[in-house]
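Next come two complexes, and both contain chain A; in the first it sits with chain B, in the second with chain C.
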Partner chain A sequence: MSDNVKINVNGLQIESEPNKLLIEACEDSGIHIPRFCWHKRLDPVGMCRMCLVEVETPRGKMLVPSCTTEVSDEMVVDTESEIVKKAQEGVLEFLLINHPLDCPICDKAGECPLQDQTMAYGPGESRFVEEKRHFEKPIPISEIILLDRERCILCARCTRFSDEISGDPLIEFIQRGNKTEVNTFPNEPFKSYFSGNTVQICPVGALTSTSYRFKARPWDLKSTRSTCNGCSMGCSIELNSSQNKMLRILGVDNEHTNQGWLCDRGRYNFEYLNSDQRIKAPLKKTEGNREETTLQDVYSDLSKIIEDRSNKITFLLGSNLTNEEFTSFNEFSNKLGNNDNSIYLNEDILFKGFFDENIENAKIEDLNKSDAIIIWAEDLKETLPVLYLRVRQAVKNGVKLVVFGHTNSTLADISDVYFGGETVSNNFEIVKDISKLKEIKEHIKDKNVTAILGKASPNQSDQSLEKLFSYLKDNSNLKLLNAFNGGNSFGAFQTLGSVKGNREFSSEISKETTDLLFVVGADPVGKSIFSSNIKNIIDEIPTVVALDLFIHETSELADYIVPTSSTLGEKEGTFTNIEFRTSRIDKLIPSPGQALSDWEFISGLSNFCKFEGMSESLKDLNNKSFDSFALDTKPTFDNLDKPRNLDGIINTSVPNINTTDESIEFSDSFYVGKKLYGDKVTERHSKSISLLGSSQFIEGSESTFEKYKLNSGKCILVQENIEITVSYKINPSLPDSLIFFPKNRRNMNKLDFSKNIQILPSHSMEVLNVN
Partner chain B sequence: MSWDDKLIKQAKKIVKIYPQKRSALGPLLHLAQSKDGYISDDSVSVISELVGITEVQVKSVSTFYSMYKQEPTGKYLLSVCKSISCEINNSNSIIDVVKDFTGLSNNETDEEGLFTFEAVECIGACGGAPAIQVNYETVEGLSTENTLNLCEWLKNETPDLVVADELQNKFGGTKSFDWAISDNSGTTGSVPGFQTLNTTKDKK
Partner chain C sequence: MKETILLTKHMRENPEDSHLIESYEKSNGYTTAKKTLLGSSPEKVLEEIKASNIRGRGGAGFPTGVKWGFLAENEERYLVINADESEPGTFKDRILLERDPHQLIEGIIITCFAANIKNAFIYIRGEYAKPARRVQSAVEQAYQNGYLGKNIFGSEMDLDLVVHLGAGAYICGEETALLNSLEGRRGEPRLKPPYFPAVKGLYMKPTLVNNVETISSVPWIIENTGEEYNKLGVEGSTGTRIFSLSGHVNVPGNYEIEMGSTFGDFVETLGGGIRNNKKVKAYIPGGASAPWFRGDQLNIKMTIDDVANNNSMLGSGAVVMMDQDTNLVNAAKSIVSFFAHESCGQCTPCREGTTWLEMILDRVASGRGRTSDLELLLDICDNISPGLSWPPKMTTICPLGPSAVSPITSLMKDFREEVESMIPTKVLL
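Up next is the complex of A and B:
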């Protein structure tokens, strides 16, 4: 603190860390300086000149942009002088020269910095009588983003975001001077996983999203703060609804997790909430036909099965449930005398992980504080997009990055060391002696290392990761993030007695072991690599109950379907993220029809069965979820609602993951992973992003595909009597012979990777040409 | 890639000069322009791959600088100075002569692809104002008459190599000082004469 500098702003003495930007120092002391281009999370550029302030210099008072001026000791600043006011008026008058006055039809109006600041600092009247610039109004720059160049005030926030933060600069300033415009390259759309952030930080209505366009006025929106459950990052979000319809999701600046950013899937995968395909009443299958029934009827049918204590009951839970719901299922299962052995999590890649009292769990912010980051996990950009941004940020701040192949090839460009095909085999084993890899040693030896470890592909063996892990542990000061990426999977680890995954489900469960199966918010038949196995099991089990939002490949097999609320805005609860940070999930809109929360269903069912000692309210469940935690760090609703805990509470625990050790063998050099966009049922019903995950493809290197003699851009995957036509994409970072299959794309669930898959050239194009 | 091997080889040579690849962007854009007479989108794609930045970033730079042409230019790029020194020395009438002769307005190219006319900011020949550049070869001390002669000569002779000294002797007037570099050898097209780009040739 003694190093702080003292500056005088408007006659007030304020203190600030040295080298801080003047605008930030003032902001921290509660003095607001108007701005358009400056954004806390972006590098300063001084584009808009709105933040001009007067600073005393040896040559007298001077106007300087406070966003590019660092504070220095005994600086004297005036942010409200007549000259500053004149300057602000002038800047706004210039900005408004070409800004159209179409506020009445602009989505931003009402929450528009330009509108607000013109009101507060602008000249009362316009003197501009000439013609404004004209551009075609709005042009789509990607499937989800529209650009209105007339409204743009050239602050460069969007272009800086895409260059500095997301690293895919596909929009830039074109031309110069009065002709300057933001645009994309012809036929090269703004295809970024993070493009929605540019809409959020645009200080005018130049960038708008297709999903929110003309949907509401900001002053009509109801909003609440919640947590995104799309992956285990747990980004803080703000939900916006109007007339009980979810309309928009914004990123909230949570210093510890997302720092304001969101991936586009998290931002736009909400439109399914309003879908008319949602299940609205319980359905019962009788003689192959589904008919509407009542909840009481379902309860009474199920209670008959449950009351017969010889019947065995199993649960397959999706990882999108809240902690309270996991607890509720755990409690229910215990009541049935199942002793935790009957709950499975719908995750393909579940293994013991690296949890141990001796290993320090890393926090996300440790990435920035460490000397080096080691990554070996599923593709972060596809599975934990915002963590990918945090890794990029750390690298930008000078942290060394070591990446093991072959999944995170998008990080190869910015990594200091990338271990590709020479070091990592096609089934993800390190083929060299790790201790002899000089490249890694120089970055980690006795240094602070944060590792992000998880299985790169389901067929990676536990041992291959363990080898790297123990090397890191022995040679560095290691902190570790376990890269399980499924929604609230860390919440499941925390609240379920023991956890097993789809692999254990498909090998342990059969007609003999289960009489009643609950499938909750999970579509393993549609999206798991054990799909066909799981389908056979579900077909065999006498009674299957699906608790879900939609009818999909799994729930359509069920005998009973109970409509449930979505974790996104339709229920309350808590969520635990990858660093065991628990934060609030809040409710904003009502559930459609008779849909109810999963815990409400379980509570109702246990009441019907006259079970005693069950938690009766959400608050009870919430308390029970965190029974063992110390009182002051217990993430109870009461605690989480305190302002200082809005960003969540960290609570490390050692989960009990009960997976089998044997590895999954793929028949060939395959690796299976997720793409950010897939054709999950919720994505299919979210109109603006539904097409983004619709293409079917495989990836491989050029030489790999040459072996299969592919040349038409398409190929046919053949396995037994299945034929799937997909396109193939060249991914030069993949080693020879390794082929990538995106498992969350359509039809991929039909393939069994433990058996041979033939890849044949497709001649369909030639056939078309003949006609 | 729409560039032939020879051009790619030349481009890679240029890239090698710089410690950072993207520093080669400027010269490569000149190279692209020497190929087509303007920066085509194809060239932008090629360059983006060569220097490892995205296409739109290349496009951003190429549209920022007015000497990178976004449309094909004619064989002769006539740049008449309109800045202050030339203007007080009657550059307006020079501009009118060029406009009348070519029938072009600012930044236009004629249908035959012979002339492109542009009025430009200071070209550093204030001492010899008014001045014109033909394919970036400067002629100073113009009169309206000489300007017309210059245009006619270009139209009739259509020289492949334009050399400043030669033009100055034929059509120029008062020269500010001897600004020409010792190996001034003219330009072969509407790209400044760079030896690395082969846009200049020996006089003899």
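Up next is the complex of A and C:
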């Protein structure tokens, strides 16, 4: 504190860290200075001139923008003088003369900084009698974003976000002076994974998203703070609903995780909640027909099966459940007398990872504090988009970046060292002696390194990653993030007695081992690369129960389907992210029909089975989830609800991953991964996302596709009785012969990558043809 | 009064081929640079420049020696010649570029020697196609003759000089906007602080930005010493300056004179008086940005300080005369329209305010004015340039916005009756 500077604002002495911007220093001391262009997370530009204040200088009092002026000791500032007030009133009048004032039909009205500040600082009436500036309004600049240039006040928040934060500057200022407008480039839509952030930070209603447009008024919204469970980043979010319908998700500025930003999948993949395709009542299959039944009936049937079982009862759980639900299944499984080998997580890439007492788990904020970041994992931009933003931020702050091959092509562009095809083979083995790679050595030797390690493709061997890991561990001061990206997978690792993945499920489970299978919030038949194996298993197991939101390729095979609540906004609980930060999942809207939380179902079933000693409430489950955690401050509801813990609590127990070491082998140079937008059942039922994740394609280098004599833009993938017509995209960062398959696009997972896939030229315009 | 010919000497003596290197060499061109590089030191050059007391010819009139002294230490430093001469009424740099480009290049060589700079740029406005062609070929000739490139004149000094054309924006004459444009960005002024070119300029490296005329004066100063230069003109405005005279005069054109005589003397003798023997109603002493003087103020001396003391500026040396028949509302409208058209659009008061002012003046000029418009005009001006003082305070990032205010405040201060007379008496409001 002793290094702080003292400044005088409006006659009050305030203290501030040196070099802080005046607007921030004042804000910290409770003095609000109005602003439009300034945003805490963006570089200041001093453009709107709303934050002008008077500062005493040797040349007398000067009007300066407080968003670009740093505090200095003994500075004397007036934020409320007559000259300041006149300037603010003037700026507001200037902003309003060409503003359409269409507040009655504007989505922003009610939470609009322009509206609010006009009320607080504005002139009250207009002296402008001329004709206003006109633009066509609104124009779509992508499938999900609309731009109204008449409302725009040219604050450059959106353009700066795209340039500085997301690194895809697809919107820019064009023209100049009074004709200046924000727009996209010709034939280049605003196709950014992060475009929704610009809507959120727009200080007027110029940028709107199709999903929220004309749906509600801000003063009608109910809201609560929660955690996004779309990937393992655990971004802090605010849920907004009106009339019991989820209408919007906003990013909350959590310094430790998302800093206010969200990916568009996290922001817009909620529309499925309101879908009329949701299952509303339990369904039972009798002689091939599905019929509605009651929960009592399901409990009664299942309790009999449980009592009469001769084999074990197996669980295949989606990774989007809450910690409390994982605990509930774990407890139930233990009660059934299963050994620890009965719970599987619906993940294709699951391996032991790098967890033990001797490995220091990195925090996300360590990225900024390290000397270098080493990445070898699935494409972060596609699988952990906001972590990708944090890596970009660290690089912008001068942290060195070393990227290992083929998968992280956008990060490769900003990396200091990129190990491509010469170092990393097409089946993801490092083919050189790591200790002799001097490019990496200079960045890590005895330095603070944060590594992000995970399998880049399901066929990557555990050993290849271990080699890199042990080299880093021996040569640097290493902290590590395990790049498992599936929803609450870190919660599963801690709360389940033992975790295995789809690969183990498909090799270990059969009707010989299992009488009853619960598939919970998972669609492995629709999305896993082990699809056909898993389908065969489900077909032969005597009784299969699906707990799910929708009927999809997996749940339609089940004998019983129980409708459940979504983790997004329909239930309470906790979520643990990639850095073992546990934060609140909160409920805002009711579940449709008879849908209930998974833990409520298990609790009901336990009662029916007359099991004793089971947790009886969510609170019990919550407490039990963190029994074995290392630190005293456990992320229980009581602790998380304290104001200081709203951003979550980092606390861990050692994960229990019990996967086998067997490698998967692909028949050719294939790289199988995910794209941000896919074809999952929830995505199919969210209008915005379904528009973005519907195309099917493969990627490869130009020379690779030349070998297949492709030239029409389309090709046909042929394997046994499967034929899929897809487009092919040139990805210059892929080495020769390596072909990328996005497994979360429709039907792509139906291909068996361990067998030969023919790639034939196509001249037809047919997009999809599955036999 | 007579002209004093220093900068325009070579071009006057060789009207046919003054832009060619052979001609310039015949007039002892490049000998000063050669002597300097082989026999002088950067410190000595800087001393001469300081002794000359030359002030920047771009408009702000900042002492050149002091500016050079501010340049921050760094491995990489740049010199950028501001040849984006766009101030309405100004056409002095044009002749220096078009007719004596080698004098400028010689000045650049000496300047870079003094400031230890290895990369220099000449940023020429896009509309100056012919001057740009001449400068480009002059640069090529200078390279061929070994005056640019490696080991100039056999010395240790290396210098690369690049000619870059603007894309038609007045604002790129503002030095930081020029740097943005040179880097390939939108031509928008940077924030000062923190982006003072001498500290964080081109590519965020220390950068000297100087006007064409300033640097073209350097060879004469070094050849004849700063002391000699300092003897010309008057204290505070030493040396000669090329004034661009235009408007309702009989002989408009560029005139190189020592500073210190009166505007009236200048117009009557060199300018040949006002057309048709009319009287001056008002005149602009230093480019479109400068507040106007009245016709009865022709006895003001043409020095930086005298003009400043009368609340205007000598600026870029553009003197524009308006005779007794001039419709000053139209004159003001035409200047304000220019600034509205040239506003970069970055900051609110300038982007919105200049266009609004233009719209109101247009209404008044076309007989649709309202009585409330006079106060409105002044209040909008006040919101761009609080207090309407000179030099202007500003709510904007750069002085372009306040420049549009100058003609309106002049109009309202000295010619209010003329504006009022244009407003219909019965206006329903």
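Following the convention adopted for this analysis, the second predicted complex is superposed on the first by the 759 of 771 C-alpha atoms of A that agree within 3 Å, B and C clash if a C-alpha of one lies under 4 Å from a C-alpha of the other, contacts with A are read in each partner's own complex, and residues count from 1 in each chain.
We take it that a contact is a pair of C-beta atoms (placed from the backbone, for glycine too) under 8 Å apart; a residue touches a chain by one contact, two chains touch by 3 or more.
Note that the structure is a prediction, hence the values are computed from the model and not measured.
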| item | value |
| --- | --- |
| Clash or fit (per the criteria above) of chain B with chain C on chain A | clash |
| Which superposed partner A:87 touches (first chain B, second chain C, both, neither) | second |
| Chain B versus chain C as contact partner of A:116, first or second or both or neither | neither |
| First (chain B), second (chain C), both or neither touched by A:68 | second |
| Chain B versus chain C as contact partner of A:56, first or second or both or neither | neither |
| Touched partner set for A:164, first chain B, second chain C, both or neither | neither |
| Contacts of A:176 with chain B and chain C, given as first, second, both or neither | both |
| First (chain B), second (chain C), both or neither touched by A:97 | second |
| Per-residue touch tally on chain A - higher for chain B or for chain C | C |
| Chain B versus chain C as contact partner of A:736, first or second or both or neither | neither |
| Common interface positions of chain A, toward chain B and toward chain C | 173, 175-176 |
| Chain B residues within the chain A interface of the complex | 41, 44, 53-57, 59-60, 63-66 |
| Interfacial residue positions of chain C with respect to chain A in the complex | 169, 171, 186, 191, 193-194, 340-349, 351-356, 359-360, 363, 370, 372, 376, 380, 382-384, 386-387, 393-397 |
| Chain A residues touching chain B - in the complex, by the definition given at the top | 168-176, 183-186, 188 |
| Interface residues, chain A side, partner chain C - complex | 45-50, 52, 62-63, 65, 68-69, 83, 86-87, 89-91, 93-95, 97-98, 127-130, 153-154, 173, 175-180 |
